[in-house]
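Shared between the two complexes below is chain A, which pairs with chain B and chain C, respectively.
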Partner chain A sequence: MIHLIDCYAYTSLWRHRHPAEKAAFAGGLLLLSFFTPLTGLFLILLLVSLVALLGARIPAALYSRVLAVPMAFILIGAASLLVSLSYHSGHLHIGLAEGGLKSAVQLVARALAAASCLIFFSLTTPTADWMPLLRKFHIPAVVVDLMLVTYRLLFVFAERLSTLQQAQAARLGNLTVRNRLRSTGLIGANLFIRSLDRARRIELGMEARCYTGEITCLPFERKASIPIICGSLLLCLVIAWIGFITKRWPYA
Partner chain B sequence: MHIMEGYLPVAHAAGWWVVSLPFMAAGVRSLKRIIMDHPSARALLGTSSAFVFVLSALKLPSVTGSSSHPTGTGLGAILFGPSVMAVLGSIVLLFQALLLAHGGLTTLGANAFSMAIVGPWVAFGLFHGLRRCRVSFSFSAFLATTLGNLATYVCTSAQLALAFPDAASGFAGSFVKFLAVFAITQIPIALAEGIITVILLNTLRSYNPEELRGLDVLPKGGLST
Partner chain C sequence: MPDCILEARDLHYRYPCGKVALNGMNLRVSAGQKLAVLGANGSGKTTLFLCLNGTYKPSAGQLLLKGKPAGYSRSDLLAWRKQVGLVFQDPDDQIVGGTVIQDIAFGPLNLGHSPSDARCIARETMKQIGIPDFADRPAHELSHGERKIVAMAGILAMKPSLVILDEPTAGLDPSWTERVIDLLNAIHQNGTTVVLSTHNMDFAYEWADEAVVLVQGTTRCHGPVIEILAQDEALRDAKLSTPLLLHVTRQFGLTDNGTPIRSRRQLLNRLKTPSKPV
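On to the complex of A and B.
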């Protein structure tokens, strides 16, 4: 699962577009999703999905699989908006909430629209491309460095984790619930010991390469295209306008 | 339990960011201090956040069959201290949002508050409080991580209830509703996380006690085994 998004992002058709262009498009629509009624939300979901599938050519199977990740939470949360609880004179009343359906639909639509923006960005932009740009937003160098080291190690550990799990499964370590709990604890301990060892070796390696307290990366080769950024923002304005004029529609 | 992208209304999403930012800033300050005093701690901190991330990818035996996983932040707070966890936890949440589509950027403030601030502080406080009362190592580790996980879940439910109060009974009714809905998955996870953390810490204590003492490079975070 951890490789699913990251590996695809590196091979994405739009990988070499400047991160700022993609951020303007996805981020603008993401922010807009907070303020627009249902019509605007559907437009955002439709537009982002079309751009992702037809523009950036993300395979539909991958896109829908990633979009399905937050669905369980979204639906459970929305379902609890439909129900209303109240407590009167010693009795617990459970019933349908007034206007619950409308707010639940609104919530699901907003969450889907927002999730599609986020997923569009992460499927077209590898982490290594946007992370160095954080320095421009005055995120402290300590934090950016920490993120770079973390990002590098995530995959090392994930691989180690799957090896450990395979070894335990091969030795019937997951046979009973009791065994599984013990196995999981042992995996954690093992991973921890090895990660400390790893940390020590990384530190040595960095020091040997004259590490002075900041990891410098080559800047992105291309400049961000101003027309694309302006176009994205214009698009947001158009959707905001459509949302505004359809606000009075009975089901908006 | 992560609140997904776009789930909170704008005022709540922004509000939780405002609440979490001071904690993150304080965390960055203590990070800087640690690195100034011990330059070699830098790689250790990076590995710890990767460790917490991978820990949260561990599948647990679950009753409902849904994907349940530990938060790992309770253990992180016991090992590395809660103020650093505010930063490490937020980095983990950011990567979870972007690499796993789990959580979100606008809801990162709210998630950081429940998972990187409330959970770690509860776990850390309980662990050291219980240890001071001469409760056994295993039992204090179990209670601290279980209740730390439960505190995260109660906090997330409260955040959701504040954002979506019940039409009839307001915040209280909605709070009960969200607690009940997520209890099915969260209570078994909290217990499992407690048990696993105890096994993990005891394994470390018996095979690698020097590693745990070595963690004293981080202020307050060290284990006095």
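On to the complex of A and C.
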């Protein structure tokens, strides 16, 4: 799934929009989704989905598939809010919790709205594009450097992992449960040793290119559009205002 | 002697585990040369290269950069690596950027270029080596051949006067091999000195001016490639083979008007010439 998102992001129609523009839009709405009442949440979900599907032209199948991933967790969470268990005088009582429906609906809506913001951002902005921006927010260089190298190595190890699995399968390493356990253990040990070795080698590789302890990143080529950022923030204010005036509605 | 830009004298290196990798290695690299370093697996090629750019500090022996003993202080190493670019055998050891342009700009940015300059240099380098449309591609989606070219671009963008490549053609298909060779010839034409290691004897014979043969951490012989590769005994000691072309031309006494035939095309032309019967 992560690979799918990463792959798509690199070919996204909106890839070359400045990450800050997309972050202002998705991030602003994400923050808003933490506290706005139900009306606001529906607006956010609707708006982000429309922008994702019609603006950035993310295929609906992909968008819904990625959005479905957190659904299992969300529904379990909602179910636990809906039902109340109590224990009185030797009897177990199971029933609908008071106000449970309202909080369950709110939880689902809130989670979906927040997830849609994140998914919109991650499907239009490859990790390699937004990570350099973190330096602008005064995140320490060490942290950003680690993130950059980790991101790169993630794929090196994923490749290694799948090769190892294929190699084991080719020598029938996963026929029985016992074998499979043993094979998995071997892979773990192998990847651990290799990751240490790779870390050392990539350090040499970086030193050979005059690395002096801090990765300087290439900033995004285009400038961020101030009108788009301001427009996004204005939009957040409007939704916050709608949420505020509809707060008293039933179920809001 | 022409300008010697890098010289190794009696280098010794022992890994922390006790394995002796270099045991009295000598090497001279002259400006403008194409030098092939030949040796079996484990003969010390990679260790030698890591010593040649200051990554490993030899336990004994001397390294001279343009005639002066090399220093290992931070600023010395920086100046050293600016002059001597090392391309690793496994491109994954070298590619750190998420996208190709971010990776190629890594070196120029480390050299203190401004981000916009670094971007220009990266674009120029990509154009020069024929991958102008790679800029925004993620590094992990490149094929092995593409990654090798990108790793080379990352070093070339730093404009070193000497480029050392550890098995640049290993694991490449014929078309990528040809691209890499063309690229090496092009940078050599531009005045860069090129040193590379290879197991491909035919390629070494055709491409290099000079060759060095390494046997178990020592230099067995060093000289013009035509002389070195004709030394069957040295090649046997090094567990290497005589290039096929040399075999054939020697067997049948073929030359190109007195000069040795070193490429397939030369051989075919020679065989097609009716006036000189085989």
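In this section, the second predicted complex is superposed on the first by the 244 of 252 C-alpha atoms of A that agree within 3 Å, B and C clash if a C-alpha of one lies under 4 Å from a C-alpha of the other, contacts with A are read in each partner's own complex, and residues count from 1 in each chain.
In this section, a residue touches a chain if its C-beta (ideal position, glycine included) is under 8 Å from a C-beta of that chain, and two chains touch if they have at least 3 such contacts.
Predicted, not measured: the structure shown is a model, and the values here were computed from it.
Chain B and chain C, once both complexes are superposed via chain A, fit side by side. Once the two complexes are overlaid on the shared chain, A:S86 sits against chain B while remaining clear of chain C. By the document's definition of touching, of the two partners only chain B reaches A:L30; chain C does not. When the two complexes are overlaid on their common chain A, residue A:I202 makes contact with chain B and with chain C alike. In the superposed model, A:L191 makes contact with chain B only, not with chain C. Shared-chain residue A:R15: touches chain C; no touch with chain B.
Chain centres taken from Cα atoms put the angle at chain A, between chain B and chain C, at 80 degrees to the nearest 10. Using the contact criterion defined above for the overlaid structures, shared-chain residue A:G77 touches chain B, although it does not reach chain C.
Residue contacts after overlaying the shared chain place A:Y151 against chain B and chain C alike. When both complexes are overlaid on chain A, the residue A:L181 reaches chain B alone and has no touch with chain C.
When both complexes are overlaid on chain A, the residue A:K102 reaches neither chain B nor chain C. Superposition on chain A leaves chain B and chain C with their closest Cα atoms 9 Å from each other. When the two complexes are laid over each other on chain A, chain A has residues 6, 127, 148-149, 151-152, 156, 198, 202, 206 in contact with both chain B and chain C. Of all residues in chain A, those touching chain C in their complex are 6-7, 10, 15-16, 126-129, 131-132, 148-149, 151-152, 155-156, 159, 198, 201-202, 204-212, 215-219, 221. Every residue of chain C that touches chain A in the complex is listed here, in rising order: 50, 53, 55, 74, 77-78, 81-82, 85-86, 88, 90, 92-99, 101-102, 105-107, 109-111, 115, 118-119, 122, 136-141, 154-155, 158. By the touch criterion stated above, chain B contacts chain A in their complex at residues 1-7, 9-10, 13, 28, 31-32, 35, 39-40, 42-51, 53-55, 57-58, 60-61, 66, 75, 87-88, 91-92, 94-95, 97-102, 104-106, 160, 164, 166-169, 173-174, 176-178, 181-182, 192, 195-201, 203-204, 207-208, 211, 214.
Interface residues of chain A, counted against chain B in their complex, comprise 1-2, 5-6, 30, 33-35, 66-67, 69-70, 72-74, 76-77, 79-81, 83-87, 93, 95, 97-100, 103, 107, 110-115, 117-119, 121-122, 127, 140, 142-143, 145-154, 156-158, 161, 177, 180-182, 184-193, 195-196, 198-200, 202-203, 206, 213.
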